[in-house]
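One chain, chain A, links the two complexes that follow: it is found with chain B in the first and with chain C in the second.
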Partner chain A sequence: MTGPRSWIARRLLLGAAQTAAVVLLVFALTEALPGDAAVALAGDQPDPERIAAIREAMDLDRPALERLADWTAGLARGDLGTSLASGRPVGTYIADGFGPTLLLAALTVALLVPTGVGLGVLAARHEGRFTDRLVSSLTLGVYAVPEFAFGVLLVTVLALRLGWVPPTAVGYGTDLLAHPAALVIPVLVLLSRPVCSLARLVRAGMIDALDSPYAAHARRYGVPGVRVRYGHALPNALAPATQQLARTVDWLLCGVIVVEALYVIPGLGTVLMNAVAERDVPVVQGLAVVFGVTTVVLNLGADLVARRFAPRTEAAA
Partner chain B sequence: MDAVTAVAEIKNLRVEIDGRAIVDGVDLRVLPGTVTALVGASGSGKTTTGLALLGEYPAGALVSGDVRAPDGLVGYVPQHPAAVLNPARRVGALLRDVARAQVRHLPRRERRTALRERVLRALALARLPDAETMLRRYPHQLSGGQQQRVVLAQALLLGAEVVVADEPTTGQDPSTKRGIVEQFAALAREGIAVVLLSHDLDVVRALADEVLVMRDGHVVESAPPERLWRAPRHPWTAELLASGSGATRVEPVSEGATTLEVGPLTARHGRTAVLRLPGLTLHPGACLAVVGRSGSGKTTLGRCLAGLHRHHDGEVLLDGVPLPRSLRDRTRQQLAAVQYVFQDARAAFDEHRPVLHQVARTAVRLRGAAEPDALAEALTTLAALGLAEDLVRRRPGALSGGELQRAALARALLARPRVLICDEITSGLDTVTRKGILDTLAALVRDRGDLSLVLITHDPATAALAGRVVVLDAGEPVEEEAPARRVMTGA
Partner chain C sequence: MKSRFALGAVVAGVPLALALVGPWVAGGPGPRAASFTLGGGHPLGTDFVGRDVWDQVLLGGRSVVLVALAATAVAYLVAFPLGVVSALTHRAWLEELLMRPLDVLLAVPSLLMILLVAAVLTPGAAGLALLVALVNIPDAARIVRAAAAEAASRPAVEALRMQGETWWRTAVGYVGRCLTRTLVADAGVRLTGVLYLVATAAFLGVGVEPDAADWAVMVDRNRTGLFVQPWAVVVPALLIVALTMGVNLLADAGLEKRRRTWTP
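Right after this comes the complex of A and B.
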């Protein structure tokens, strides 16, 4: 048997390898795209000489492997490189974009967990009755709507018809906290599908747990219903939900491109879109590193939490 | 009437499901400080009667009759204690949950210490030493015996006047069994009434003050154990008691030939060596029992032979030809030659397909038989094992545990194996069913000449079938003799 510490170390090593693989893959894919930063910069009337000059100035004429090696060496020093398009350090791009993304993600998760778990527990308590059917069919229905469609619907109703909130965050820059009204629709759209999947997972887990022999045993020995529900059944129901939650948070932090594009929020998703359009390889690679690390750390965290809720399942790396 | 008043009483209980009575006309008086045992084959209504004391009935049951039991003061120790221990809560939390109701009358400040005192006292009564460590553990970190004692400690914390124990010794090795018997005897000395549901006749005889023999939902006879064993009045009781004795021993046909030979073998789980065996020979028509406590490596030995455990360095020769370590590398003939029957027959069948088709599949897969031939052969084999055609055309859910175990045997036999490994196939079965299975095995070896049996077991009655016994302790054979008397007595 190995302790949790060596397990975490193994998982982190594996995660580093996975991140490296992601970076290599992203580099290879951006190389494979037709055109490069020089072509993108040269504008609508590309003049071959001008492109070649830009290419030389940007060191793009050097072999791909050499550029990758340079970039990797910089990464070891904590330097993510400089943007090809603007010459600014990649670090500042990510720092600028991270603020709005983090704000959106934090708000969404803060609302997601209580709503999802609450709805799931509520439905499980009334299994097969009206409340359960209502929650189950609503969550299924909302889950089936793609977020861009739901987003457009919300903008039409809340912003354009009723005029309660602004339709997009255009003109507010990165300081979104000063304009909370602009966040209402994006957060609602981000919430819509995760709430449904989380509620359905918690509901299924709670029904199983409440039906289990250990819950029956606790009731038999006079343990109050509230305690059976939240102390005994819920931890068992939460283990699978934790993994789902980690995937949701991962999705939120790694740039929710559709929502950011729809509401013009200058988060990581927007940064990524622009970088790809400009063939700005260093920025794309920097984002790949950040996304890779986030994914690895979040999943490790989720496994640790799930281990706490369901200590029986020996975690496998 | 008796001078002592019964602490719980059942009068003329009838429990009916879908028009079929599973318990009918049962009377039961439970006296404080005594052990009342309900014995009988599986499906005789023992558990239904026991659970009636807890006020619990199967879903959709029609109940009539009179059940009087101290409200909320009946403890329950189920057959699988792990099932009632919440996997996500530490032992301490599980015990405090039960005790909390008992300290509610105290002022808030004193509750914490009172709670702790009660929990520690219950642990001591349930004979769980090293309370501090125990309280911090999760249920899965305890052994089966410890889990059972935690469930018992919960009943004690409840202040239970009656404890219903369902098959507490099933699947336990003899020395653990003795511990459990002492535990329940101590409980009765504390003045608690114990209702023991068991088909383990040795345990019943050692513990019970009063025995009720059940069959098909009726109590056919009730008497103190001495009287019952001396002079059973009902023929069914006599049959039940006789089933406790072992089956006829199987002696090998010839000592000369060798079916299976195992060289020096060390098997590992990860880095720990779990089995060290100097060697093993199996003759055609022989029956070898591998016995030992849980964790002694006996199942690992069986799995090494069958190719289910490949982390070992030994050589397994079948008719002088080495068998590949892993199942995946064995040819169909080699797979067919070594067959394995598992302890949990229900888990070994797909619940959605008829038993017959699953049994016949072996002949198709391993011997290349045509589907109709395979089905015909399966029907013959199943009939020879006492399973009728209309029964095996159903899905596994319609068969009892004993019937499924026979079907599992038939499935292995359809491969026409040279070696049949039976892993605890009789534990969890009642004595009558067990006797039937053992007689079947003995007849098989007799009739099939070249078939050799490996019986993995901790049940002395099962081991008695074998001509030779290997006793494993902590992964090493401590003795190999014929017959092993020490195991029979459980020493």
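Right after this comes the complex of A and C.
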């Protein structure tokens, strides 16, 4: 079997392997560490009673492999276990935090694509001139800045100096859509890094594509410039950008955790940070699996889409 | 591009100089004043426990810079042998064994991995450096391998082999040396990413004491006083912004130079 079908099969296989690996890694990092996990988890309150309770709750007396088998079987059924701290199912934690995080991520991606592609095309059209230099330097600079530093400066200027938007989302609960002003800073901060990387890739891809023989040929045939630019050059420029878009999911995830901590939004990032602080391992594991599998699936999807845009480029499989 | 290099050097120079020289200039721990005050002999006011913000700024850069440098160095120390061995070996299974697990590691979001470990252990500064290095190994090893594979297919390597040179001499003496330029260019980009992760982890409280003199921790802990005393947050935040921006501008200028010298 050769051709596109075998490529897709190989890519799907890699995705499956990555999913399995994420599950294994999450388990290994949190439970199979050397030493007594119960003692480590008791942390600041190492009284024997608490250690025994943790050992009981997590079945630490059984062999690690058996626990892994049980846990993965539970995952397959959609059962993520129960929290050590509250005894509630982990699923309810995820359900609680899901709304705000999904809203932030969806808004960011919805704004990311037009802004990033627009900036990239704008810079490419003015290659070497002032607009291009401005956009290129700005995207290069902002690209590297950690979200929390950028976010805290935005809060200082936009919320405290100018008073345009609230400085935190405290008091708005999970229904952020009803308070659009509270979404301005989080979305701006989440956009900062992905927009820059996307714009840079689209710019580079556009410049390459517009210089290529097929674009020159199309122009010679009298195809209008707009059509050459958006009908022929842009799809080719978008192929590497689509893959990058999925890679930015990694950043979006980091960004969501930071932004929720910074702006006090009760989403999945806050749930994760609270669970980390309380050493609530089942909740951390459940969230890590959800985040990890989302990343794997989105990367897989992006590679498939990128191949659709420019079938000849052998996307890494 | 020269202008971008100069801009990067200036922008990164200020925080770097503060980070490296600051701890020598800073005064000892003075008497604690009230928290979040302005003036009163403190040029930038006081922080959340009443320490002098300017002193904390002077002290707080070193940890960020040193942890980032250490993490970058460790990442290459592991990635270099991995990449070179898997590029030079003729045994396909060995290459698969070395590189495939890394593909899988790449799939895990970097901050998530750090937080997972932080949930179970309490890593210190060294632990944070190791974690950030671990997260960077897969990508670095791929780059080393790609560059080494290119160098290993050159006639010179063939000649060295036929002359019966040792594996060590071929791998380190020739292939390793060919990699220097790629690695120097990549190191700048990697350092940018590492700085980002180190600062973000410290902001989230991983690998640092809750009252550590660290720019990222300062931003986090002094946020509660943002209304009364913004300097305790704004100054360290600006320094982190300048540091990461400047390093990235420098890294890009380095890449550009390499691109131009290689493609005439």
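Here is the rule we go by: the second predicted complex is superposed on the first by the 254 of 317 C-alpha atoms of A that agree within 3 Å, B and C clash if a C-alpha of one lies under 4 Å from a C-alpha of the other, contacts with A are read in each partner's own complex, and residues count from 1 in each chain.
The rule we apply is simple: a contact is a pair of C-beta atoms (placed from the backbone, for glycine too) under 8 Å apart; a residue touches a chain by one contact, two chains touch by 3 or more.
In this text the structure is predicted, and so the values were computed from the model without any measurement.
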{"item": "Chain B versus chain C as contact partner of A:261, first or second or both or neither", "value": "second"}
{"item": "Chain B versus chain C as contact partner of A:231, first or second or both or neither", "value": "first"}
{"item": "Greater residue coverage of chain A in the superposed arrangement, chain B or chain C", "value": "C"}
{"item": "Partner chain(s) touched by A:220 [first = chain B, second = chain C, both, neither]", "value": "first"}
{"item": "Touching partner for A:26 - first (chain B), second (chain C), both, neither", "value": "second"}
{"item": "Common interface residues of chain A - those touching chain B in one complex and chain C in the other", "value": "none"}
{"item": "Of chain B, residues touching chain A in the complex", "value": "54, 56, 72, 76, 78, 83-89, 93, 97-98, 100-101, 138-140, 154, 158"}
{"item": "Chain B contact footprint on chain A (complex, rising order)", "value": "212-218, 220-223, 227, 231-232, 235-236, 239, 309-312"}
{"item": "Residue ranges of chain A touching chain C (in the complex, touch as defined)", "value": "14, 17-18, 21-22, 25-26, 29-30, 33, 37, 40-41, 43, 137, 140-150, 152-153, 155-156, 160, 167, 249-250, 253-254, 257-258, 261-262, 272-273, 275-277, 279-281, 284, 288, 291-292, 295-296, 299"}
{"item": "Chain A partner contacts - residues on chain C that touch it in the complex", "value": "4, 7, 11, 103-105, 107-113, 115-122, 192, 195-196, 199-200, 203-205, 216, 219-220, 223, 226-227, 230, 233-234, 237-238, 240-241, 244-245, 247-249, 252"}
